[in-house]
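Take this structure, written in structure tokens, and hold onto it; I'll ask about it next.
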Amino acid sequence: MQSTPPATASRDDGSVDPAQGREVSGELALALYEQMVVARLLDERVIALQRTGRVVQHSSALGEEAAIVGAAAALGDEDWVFTGAREVAAALWRGMPLVAYAHHVYGTTLDAACGRNAPDPPFWKAARVASVSPLVGTQIPHAVGVAWAARLRKRDVAVLVYFGDGATSSGDFHAGLNFAGVTRAPVIALCRNNGWAASTPASRQTGSGGFAAKAVAYGLRGVTVDGGDVLSVLRVVREARGRAAAGEGGTLVEAVTEPLREGEVSAPSERDPLERMRRHLEARGLWGAEYAGRLSAEVAADVDAALAEAAAAEVPGRDTLFDDVYAELPWHLREQRERLRAAAAGAGT
Amino acid sequence: MQSTPPATASRDDGSVDPAQGREVSGELALALYEQMVVARLLDERVIALQRTGRVVQHSSALGEEAAIVGAAAALGDEDWVFTGAREVAAALWRGMPLVAYAHHVYGTTLDAACGRNAPDPPFWKAARVASVSPLVGTQIPHAVGVAWAARLRKRDVAVLVYFGDGATSSGDFHAGLNFAGVTRAPVIALCRNNGWAASTPASRQTGSGGFAAKAVAYGLRGVTVDGGDVLSVLRVVREARGRAAAGEGGTLVEAVTEPLREGEVSAPSERDPLERMRRHLEARGLWGAEYAGRLSAEVAADVDAALAEAAAAEVPGRDTLFDDVYAELPWHLREQRERLRAAAAGAGT
Amino acid sequence: MNMVEAINDALRQEMRRDGRVVVLGEDVGKVGGVFRVTQGLWDEFGDERVIDTPLSESGIIGTAIGMALYGLVPVPEIQFADFIYPAYDQIVSELAKLRWRSGGEYTAKMVVRAPVGGGIRGGLYHSQSPEASFIHVAGLKVVCPSNPYDAKGLLLAAIRDPDPVLFFEPKRIYRAARGEVPEGDYTVPVGKAAVVRAGKDVTVLAWGAMLYEALAAADQAVKQGADCEVIDLRTLWPVDIETIVESVEKTGRVLVVHEAPRTCGLGAELITLVSERAFVHLQAPPARVCGLDTPFPYALEMEYLPLAHRILPAIIETATF
Amino acid sequence: MNMVEAINDALRQEMRRDGRVVVLGEDVGKVGGVFRVTQGLWDEFGDERVIDTPLSESGIIGTAIGMALYGLVPVPEIQFADFIYPAYDQIVSELAKLRWRSGGEYTAKMVVRAPVGGGIRGGLYHSQSPEASFIHVAGLKVVCPSNPYDAKGLLLAAIRDPDPVLFFEPKRIYRAARGEVPEGDYTVPVGKAAVVRAGKDVTVLAWGAMLYEALAAADQAVKQGADCEVIDLRTLWPVDIETIVESVEKTGRVLVVHEAPRTCGLGAELITLVSERAFVHLQAPPARVCGLDTPFPYALEMEYLPLAHRILPAIIETATF
């Protein structure tokens, strides 16, 4: 019961219409594809590490890469991004190095978060990718707050915030988008509707039918897009970015995705967003066997090198626990640090 | 920017169309009017007591009586009601005695809540008027929970929950109505839109324009009604009650009201819901000067007697503080009770 | 049986016995919850008694209050105790105060279940122990079992208790703590602690997963001449003050172990209670070995937790003061 | 000047000095808030710096975090501290942990203002003192002034502090506590207590509105031979441990007064800190005179509050132990 059919540039075979796509340069089209390939391989590798127990927790994006990368690609450098747990590729797209993410996965001394968080999501300050907790929905008001502040400061800065269909039930989805509507904050709220919140289907998440329809409740624009079609996502989010720049306020984008189960990855389906983009590139003459071979070798080398480097790195030392609770170490933490040192010394560790 | 014009049976002069109203018996029409008259006078009296400092806090309903009474009148005996702070008249309509409310206002030993709460809202268990806190919005999921439970038990019980326009911003409005949509709980959510939450206008409460429009986000039916027109409110809520009985789920009713400022009461405007109903009764030949005189004398006598009785009653004793924290008094509260007794004895009180 | 199985058994038995009992929460239905505690209940009792809810903890507790008002006995699950905070208002402002503010006319008895504690590499947001923030609020009971027998018996008692109970399940020992569990119906009373190791020198108060660390430390301490009495609180509030005070009057020394941050944790309350009541018996400063006053870390969680190697020196220090 | 005026003065001065400071909350704009603390700011600074928000405490704190991330310095108001719980998750899970979880890269400094405490016949939901539930959570600072001078100086210090600060304003003395307040800029340091009455027999720790009850009791106690040293904590966390311990080492006796419920309140932490550090100096059991472990009552609020007539016997008992 979508209010409007999802925006899509896909043809019947699922591939993205090359005519449609010509508004996107060949260079950008390839970059989008390559980012999705990186994301896919990274997910596969980390999932494998998770199976061995070497990595404890990972939120993969298998089959949802187009929604994530397409949205990120619509932003400018000054814009901010708040991810949910699965939008690692958005941070990578904006320039977070692969190896930095690998350090996050292993929680090493070189992790920007000092190994303090379980993996996902990472953050990357240089690219305005914010620190987000795994608590579902809490980042939405933060994103609105940044956008609102930028608007108060009269800067053309927009904020993209990702979340899942499950997150729309959270109180903070409501609070955030309601504030966005009232303040006309330039926010783009991207709901990745993959049909499920853990084991709970979207039909038990809301009685509304579609998620874009919820925009009405806040006076935001709502739009549904085919989340397997990277170019359509890019276009829709670019439009939303344009509205933000024009002072027309926020947009709720529902990107409908079809996540792949882990077993499905090796046998790509017609609906796989990578395959769809591949066929688009092929139709534009941008894809060939040689390119494909070179790309997958390069990507594998990069990803494996990053993960290997991080796997060999050290975990942070005991004392680092006490830093950054406050700007300066107060007396009680100084004492607790001393006591911990003494106990460790006593235990011979 | 209402999606639909508010449902109303009012004629140009503001009075309720007698033709429209004939679906309502003369007896019921008079009862509705009389309940509004009681509510009005009670508010005036308690406001006066507040001015003297004898009553600390009161949430009046001046000018909003029709929305409150009309909705309450649409329910059956087995139905439940959750009020906000201003819907005292709904409890009275369902049978809470005036004197019981008066005891609540003064927090006496005969207050059902043992003088534990500051005034408003009261509750009345015999009539399924629930205990509600003054925290804005928290009662909405409670109401949905009762409705949901009734549905699970296959009973034809519906739940009416009142709240203001400000409450629509609360996380619990979202949680409650979202659960209602998913569970198809037979709930009637009555948003009394009086245009303001304390000093904050509805335009800073939401970007949505109307409040009924928010129903879409939950898959509920949304309807806007002229909240100054008691018969229209009754009709709209009866319809919602019918949908609940038919298993069609919940309804969000936005009753648009025009609250009177305290100074305005003595000079009734054309838009005053009491005046509007009076003219309706007059048109139906149900109203006359003699009736009016008798009614206002009776109501004044009842209200004043109730308030006088409660004013003379005692406040609860010290020991009652410790009851009902738990079903049985645990050791620490027994100790605290003893210590308090001792301190009071020492201080000679 | 392990803890998961024991809790599951308690839920199943009580749902069979009492048709008013319903389970609700995120993913508690078909898949049986993240930790599989509700596994199989959906098959047996159907989706009207084992209910997957939308992703809103405030909605879960808020609607459960309504269900309880109507006469059902909800057993909501919060997937991790770290996610309980969106429902904090519904719990402390509504659930805890309902009986009192309505002069006893309305009540909403329920058991809120939530896995607590660290040790499974969950990091900041999957490891916390929030008991103190609920004990501070009048009107709630708080329980935390350390073994399968108590888990089943306490949960049955909690579901039959007239007051709202928070039932915190130490996830680190969900499967590691095993023991005999009677098949049939039995209860472990809410409000009673257990002396799990008798001793004469130092009273050690612990609960949940850290009980085992306290016991391990006690085993080592005895070799160094300190004989600990270890008490498993089981019910955190109202705490079994008699058992505690009796023990401290005997040992003259007390040490509290808990995972939650040290400052304003339950340890402070326990030490204060003991100081108020057994002051003349105290021969050493009361001691705490707790989680740190930092968020709960990922890579360094074993540094954060008050494990045996941190408890032992504190025992010795207390014993030899 | 009274407290309301002093806080207003601090806000105005800091908003003039620092263009990043914005005030937001329910009804803080044109009407200047329920207690008129922000009165006149909207006229001077306009609706882009003094902002009426929708009715959502979680939204207020959540968006303020975003504003702070962008570089503004928000001073959100929660209309009554009792309404802070819908924002509890944003405060304890997000605001408190942001600096730590981002390795110091992201911070969201802000001052959350909220009126606390009873004594104005507000009943259950307009009278609470929730400090302990925030002190238990690592990463927050908590302040509670007792007089206009401190209120202004502490608020200026708090707004300039790099960490998130909860600024609790004792509403009972909003207008009753009056005193000289310098016109210009000055700060009262966060983390420093004040010895407001020197004495040698019993150390009394108090803050906010109850400070005056403690002082009144101390005045009476001295006639009965007990000379109290009364310390106004001013900053509740991190507390000024040096001043406290120094005093208790001198007096050998300690008593804590607070409005919040007794169990797991800040009093328990203070007593435990003292017991841990000054055990050998303690000549009497540490004592607490607190709010009751019941919800906050309406008709009987003067029974609930730890007023002088309840503090006095506890002082005498402690002094003569």
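We call the chains A, B, C and D, going by the order they appear; numbering starts again at 1 in every chain.
Quick note on the criterion: a contact is a pair of C-beta atoms (placed from the backbone, for glycine too) under 8 Å apart; a residue touches a chain by one contact, two chains touch by 3 or more.
Keep in mind it's a predicted model, so treat the numbers as computed, not measured.
Minimum number of contact steps separating chain A from chain D: 1. The chains in contact with chain A and with chain C alike are B, D.
Ranked by distance of CA centroids from chain C, the top chain is B. Each chain gets a centre from the mean of its Cα atoms; for chain C and chain D, those two points are 30 Å apart.
Taking each chain's centre as the average of its CA atoms, chain A and chain B sit 46 Å apart.
Per-chain Cα centroids separate chain B from chain D by 36 Å.
Chain C has its Cα centroid 40 Å from the Cα centroid of chain B. In chain C, the residues that touch at least two other chains are 53-54, 56, 58-59, 82, 86, 89, 93, 97, 100-101, 124-125, 138-139, 263, 292-295.
Shown for chain B are the residues in touch with two or more other chains, namely 114, 116-117, 133, 135, 169, 171-172, 174-175, 178, 182, 204-206, 325, 332.
Chain contacts in this assembly form a complete graph, since each chain touches every other chain.
Considering their complex, residues 111-114, 116-117, 123, 125, 130-131, 133, 135, 138, 140-150, 152-153, 159, 171-172, 174-176, 178-179, 182, 323-328, 330-332 of chain B touch chain C. Chain A meets chain C in the complex at residues 56-57, 107-108, 115-118, 133-137, 166-167, 169-172, 197-200, 204-206, 315-316, 318, 320-322, 325, 332-333, 336, 340, 342-344, 346-347, 349. Note for the complex: chain C touches chain A at residues 26-27, 29-31, 34, 52-56, 58-59, 82-83, 86, 121-126, 262-263, 292-295, 297-300, 303-304, 309-310, 312-313. Interface residues of chain A facing chain B in the complex, by the touch rule stated above, are 169, 171-175, 178, 180-182, 184, 203-209, 213-214, 216-220, 249. Taken in their complex, chain C has these residues touching chain B: 22, 48, 53-54, 56, 58-59, 61-72, 86, 89-90, 93-94, 97-107, 138-139, 141, 162-163, 191, 238, 241.
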